[in-house]
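There's a structure below that I have some questions on.
Chain nomenclature is as follows: A, B, C and D, assigned in order of appearance, with residue numbering initiated at 1 for each chain independently.
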Amino acid sequence: MAASHQPASRMQWLFGAIALPRGWRLGAGPIIAAIVLAIIVMLSVLAPLIVPHDPMAIDALQRLKGPSETYPLGTDAYGRDVLSRVITGGRVSLFIGISAAIVSVMIGLLIGLVSGFFRMADAIIMRIMDSLMAIPSILLAIALVALNGPSIWSVMGAITIPEIPRVVRLVRSVVLSAREEPYVEAAIALGSSMPKILWQHLMPNTLAPLIVQGTYICASAILTEAILSFLGAGVSTEIPTWGNIMAEGRVYFQLKPSLIFWPGLMLSLCILSINLLGDTARDMLDPRLKKREG
Amino acid sequence: MKFKTRTFDDVPSVLEIENLTVRLSGNEKAAPVLDRVSLTIRQGETVCLVGESGSGKSVTSLSVMGLLPRGALEATGGRIGLEGKNLLELGPQAMRDMRAQKISMIFQEPMTALNPVIRVGEQIEEVLNTHTKLSTKEKKARVLDIMNQVHLPDVERIYRSYPHQLSGGQRQRIMIAMALILEPQLLIADEPTTALDVTTQQQILSLIAELQEKHGTAVLFITHDMGVVAEIADTVHVMKLGRIVEQAPVEELLRRPREEYTRELLQAVPSLTPRAARDTPEGEPVLSVNSLQKVYGAHGVFKRTEPTKAATDVNFTIPRGRTLGIVGESGSGKSTVARCIMRLIDPTEGEIRVADQEIATLSRRALRPLRRHIQIVFQDPFRSLNPRWTIGRSLVEGPLNMGTDRRAALSRARELLKLVGLPDDAVDRYPHQFSGGQRQRVAIARAIAMEPDVLVADEAVSALDVSVQAQVLDLLDELQQKLGIAILFITHDLRVAAQICDEVVVMQHGRVVEHDSAANVLSAPRHAYTRALIEAAPGRQWDFANFRELDSV
Amino acid sequence: MLGYITRRILAVIPVMIIVAIFVFLLLRLTPGDPAAIIAGDMATPDQLERIRTSLGLSDPLHEQFITWVGLLLQGELGTSLISSTPVTQMIGQRIWPTVNIAVLTILLSVLIAVPMGVLAAWRHRTWVDYAVMTFSVLGFSIPVFVIGYIFIKIFSIELRWFPVQGYVAPSEDFGKFLSRAILPCLTLATIYVALIARMTRASMLEVLGEDYIRTARAKGVKETVVLFRHALSNAAVPIMTIIGTGFALLIGGVVVTESVFNIPGIGRLTVDAILARDYPVIQGMILLTSGLYVLINLLIDLSYTFFDPRIRY
Amino acid sequence: QDKTITAVMHSGLRVLDPIITTAHITRNHGYMVYDVLVAVDENFAPQPQMADWTISDDNLTYTFTLRDGLKFHDGAPVTAADAVASLQRWGKRDSGGQLIFDVTESLEATDDKTIVWKLKSPFPALLDTVGKQSAVPPFIMPERVASGSADEAITDYTGSGPFVFVADEYQPGVSVTYRKFEDYVPRDGEASWMAGGKNVKVDEVKWVTMPDAQTAINALLSGEIDYIEQVQIDLLPLLETSEDVTVETRDDLGYQTIGRMNFKHPPFDNPKIRQAAQMALSQEAVLATLIGNPDYYKVCGAIFGCGTPLGDEAGSDTLTSGGDIEGAKKLLEEAGYDNTPIVLMQPTDVVSLTAQPVVAAQAMREAGFNVDMQAMDWQTLVTRRASQSKPSEGGWNIFFTNWMVPEINSPLISPMLNGRGDAAWFGWPEDEKVEELRAAFIAADTPEKQKEVAVEIQKHTLENVLYVPLGQYIMPQARSNKLTGMIPSPVPVFWNIEKAE
């Protein structure tokens, strides 16, 4: 038992209370979720090897066709194979969704912790965040594309930057309550440094709301990417992403809903899985929900 | 000494617990937390439950309330009979009706048991909202009335306060008020007076006695204070390791304990006679406090409320290796002084010197290296432990900050846990999985793991049964001998103060009213308040250790 | 506290200054030429240049900035380069639909989401919890336009309960306002219901294990009171944050919903202005929203002290 | 109860000055609010509108006489001075107008009702130009308005036409309301295109913008609106089932979609490579992707448009027959293409321009081009296409756009046939041959001769790839069956329409 703490020590420092408790049993839900997510990620990564058609090859004569043997999910308005596009679409979408979520959550977390804990910093940081919140991501996207050239990074930036203030606010609000807890006083009395208190005592409190916010950002980034594409400030609409497949299918919603259905299904499955995993992580983080081992 | 001697042979019983067994959920192999506990309380009877800390007293009471933590503990056998119904089989709605109407409970740890974001007045009032149909005005009047009855000062202010703005004892009295307001048939009080000074305690006890008189309330009283037991109990049950080991009318038990454990317990009760004086060591005092003052600012969105003067002109010094006790009225500013000394709050005025360093005005950053010199055991141990951290992790936090190697810190932590009488697996458990007294011991272990020069102990042993208490006090004494720790010991328990303090400070209304050697304060008190305090010490005519009356009072 | 509020309200000024400079620079960094929009496709370079000059776009950047700040100091936002309408008038026309829809949406969302989240936390890991989660996930992973179309299909086209599109000011005819606003609000609400419900659930779970919940139960109060008064008020701070930032987002305008339901709100105004590089309109819009955000955030912050008295500023 | 027509127009009205801009929506707005002196009818023949005219025998003096009863919306009578000021302002902005003023001796109001226009040399197309309905028509405004700068948008919207602009209800880009001008005196006779009697039969016309095509259709089906100017062709099936709605084409000429290359920079400075690119392209592929339904598009190799007097398809075989990838490859090889990336600008926020770049990029890639398709918004494209920098440094190689056929149906007006290098339209070809041919066209005095020159220009254009015509398409309109009497014209006009209750 003693030894078990040794290798975990550095990890513990980094992740606060996240150490996986022993005796925790995963239910079927998270396992299925992990498998679904893994399959979708695999499909996306391996897309170039497995798709039946070139996802960008257009064929005007095959526009908006229903499912057939050559096109199992039919074709879109450019006569492109929907199946290939949906599979390939995961590449950009998952990348943007997950990285936007991670980046904005990480940056927001750091800023929010500091801002929530130090009153002096709070006044300044939050005013900057207020300002940042007011910049529309479309404008940011167009400007970033202009500065940086059209690239996935510009899109990432344009999606992530406006999310940061919202994450900061969330983290800060949790810290504001938590910093009044006596155990924080106790940590001060024990001579813990501020970074340590922030990261080890306060940060774990923010995780549950952050998991929620993070999955939301992930989903909304994937959808926002499409909006930006269509305003000419995103990834070229030629490159399939779940977002822009759906956005392109928008016009055909009443005539050919399957154009939206498939990418929508993939996205929903993904987000559902991430949510289930997030919930599981949350439960694991809460010792009060853990069972004591015998 | 006059014991209660009423017989309850033909009085109907209110609560009948038969063979109650409680186990850790999903763990059949582990030893049960409660092992076939049986207990009967009759109308108007006061049953005291005493015993080792962690023996299952709180779990017993929670089982009666149907409030065992879901997913952690569950009742696997036996019966809890109330009015002919088995509470273990009641549905949630029926159980809800039972609570407060028929049974009320005073929880052990008042800080965590009060909702931090609702004004305490409203929290009391809520009981009335749920179970009566009074007008708003009547309700408020009832609440203020009960608050007065539990001797809360300044009830209008406290009515509007949030729990964190109250002292430990004040919170506890809120809990009591909440439980008493509806005059229940069965009152379960889980260490209701640990944070109360003896005069207030006396008031509360007589309040409960009055209730019993008027309504025939049956009381299950859990306590560590044998003095209280002697004063109020009709019947006493002694618990150890989840089992009731002995059960007898109070006088019988105190005079002729049958079980070995009971005898040990009684023998461990400290006497009220102060310890032999030790001479003051040479050299500068380790801690000196000079005209310390603390005023809690008031705040509200638009209206200003009166600020609270919690401490005024407090002066004292503690030399190396000596112990200074602070006793006094609940809410008199003891914890405030302690927190100022720790610089957890900023004193409004005054000087604090620790190891020759003026710290009252140092910045947080500059304070950090000094932290190892001065440590505190919080009055409220549960909240002072991070609920997400294992005990082991909490224990090594301080030493790691001071540069101790983790392995060494951890083995020292285990050692300390053993010294304070906690089981071996404690390091890997979380705070909520312990009993109140166990958590308090964790807090003590955490503070002494730092080997400080000054230890501030705020009600550090109040939740411990006397045998464990003795063990802990011995430990402190030993450390003091070895390392020369100076201890600031805040307590309500005059017996404890008598045992370990060299000097005693008596506080009332934020001021020091008396300050002298322990012997002088306890045997020849000068201030009226001090005299009242000593008068009120429960069981002072009884010599517990020798199972007889004290001859010399 | 009053002092704090005053300080925060005064903070509008530095925030607006930062935003003003930032937006001004950002806009001039983006390629685009309002003159080209005005002149149309066939204009010659020479004509373009003349229009540019007449719009003041040929002046050096700092002069344009000074001119604009000068206007601002007189309390003016300038006039649209494209339509020559005063910016204040344009924003004035467009902000109310957005605000009205936003308020209604948030009200609706909170009313639906909070109980949902509480229920999910209470029935943690039961089918109720999973149902709420699935619904929530659909809420934020389905594009709003899909939800909008589906609502239109069901409620407007099949059932004919509400009009397909349009906006009528509530002051003009409240009934008509409601019948037109209800679908866009519901559509937007699906996202916010999802987010708020999940946030409620997450923070409720943190709180439900606390001892004071046990105390509340010991008092015999109803389970709803335990959940909504004791637990929810402790869990409220992050939920309020989400509601507040969500509201801010709605106030900033929601382009897609405004398009689907043809609501003349500021979301479309902003996007149109950005796509047309109508600088004064964009600048005015962003300045105004930043001021609004400062106020909304102030309200959020004040709500914290209401829900958690331990929080002080 | 007022009779109101609610119409969804192809875009939002933002600019209210029909002289300063060539935007179609503003021109349409112009026709609502203003009247013109002369207007072409459906046979392309100029007809008197506000004024009758006489031409001197030497073809140098045109005398216009205003008809009686003309009033501005503020009640003031329309005078010759107003007309002169309006024509002059127009002349500064319209390219056709500029050509006339280049040869104008004088233009003056000799009395309240008479305008005398003297030329230095004959300008046979004067009446056609003054009466044209495309680009910028010379709308008649009050003198005080028209005497302002031609580079600054007007702010006084007092008009002379059949409808009054309701300033209070105007929301730029969202909606605009017009009320019937009670004092407007229509000309006698049937309405025909922009000419004839403009009889307003409703009280109010409201133009609204609906950014969402499906919403507009749903709104039309549910009777919330009366009219959609342009229906996305893929969505027609949604309307076909309804008995209350009619889908029709109002204007048979429609639009021409085109590609334009940059002559200044490699590789398209090389005519062979331009030809290779053109050879790779197939009109059918572009149109089928863009429009889908073949009823609404026409493969047409004529740079002046099919169905127009000058239209001729000479030299367009590869374009009209589905492209020749192999031929393009060969040509590209011959030309020694060094794989320089082709910067192809793709505007993603304009629905009618999203397909062309994608289809073209694929075809050119197949032919061996290294295509760098860059997505951007239309505004960025507009700015960027004006840049003469290297493609790698913020310039470009090729972009696509659409024209209304009347805007390109003659060498005089088609901007893409200007071969004067830097003074030419974006792409800046230096092409003396085309300039010569254009001069020859102006000099040609009979339709036959003109046609002959036009065919030459057609051949030359495709050979030198001045631009690539990618075919013609029409946009149908949809209206509620309650609306009757709408006249077929390229500009949607709201006079003559009746609305049943």
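Convention: a residue touches a chain if its C-beta (ideal position, glycine included) is under 8 Å from a C-beta of that chain, and two chains touch if they have at least 3 such contacts.
Computed from a predicted model, the values in this text were never measured in an experiment.
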Least step count from chain B to chain D, where 1 means the two chains touch: 2
Farthest chain relative to chain C (centres taken as mean CA coordinates): B
Which of A-C and A-B has more C-beta contact pairs: A-C
Chain ID, smallest distance between chain and overall C-alpha centroids: C
Geometric centre distance via CA averages, chain B-chain A, whole Å: 47
Separation of mean Cα positions, chain C and chain A [Å, integer]: 21
Where chain C and chain D are represented by their mean Cα positions, the distance between them in whole Å: 39
Centroid distance [mean C-alpha coordinates] between chain C and chain B, Å: 50
Multi-chain contact residues (two or more partners), chain A: 142, 146, 180, 231, 250, 253-254, 286, 288-289
Of all residues in chain B, the ones touching two or more other chains: 69, 164, 432
Where chain C touches two or more other chains, by residue: 30-31, 145, 149, 209, 275, 308, 310
Chain-to-chain touches, reported pairwise for every pair that qualifies: A-B, A-C, A-D, B-C, C-D
Touching residues on chain C, where the partner in the complex is chain B: 1-2, 209-212, 214-223, 225, 229-230, 233-234, 302, 305-310, 312
Residue numbers on chain C that touch chain A, as the complex places them: 7, 11, 14-15, 18-19, 22-23, 26-27, 29-31, 125, 130, 133-134, 136-138, 140-143, 145-146, 149, 153, 194-195, 198-199, 202-203, 205-206, 209, 237-238, 240-242, 244-245, 248-249, 252, 255-256, 270-271, 274-275, 282, 286-287, 289-290, 293-294, 297, 300, 304, 308, 310-311, 313
Contact footprint of chain D on chain A as seen in their complex: 56-58, 60-61, 63-64, 77-79, 142, 145-146, 150, 229-238, 250-255
Touching residues (chain side chain D, partner chain A) in the complex: 213-214, 232, 234-235, 237-238, 284-289, 292, 346-349, 354-355, 358-359, 361-362, 373-378, 380-381
Complex contacts: residues of chain A adjacent to chain B: 1-2, 5-6, 9, 12, 16-17, 180-183, 185-194, 196, 201, 204, 285-294
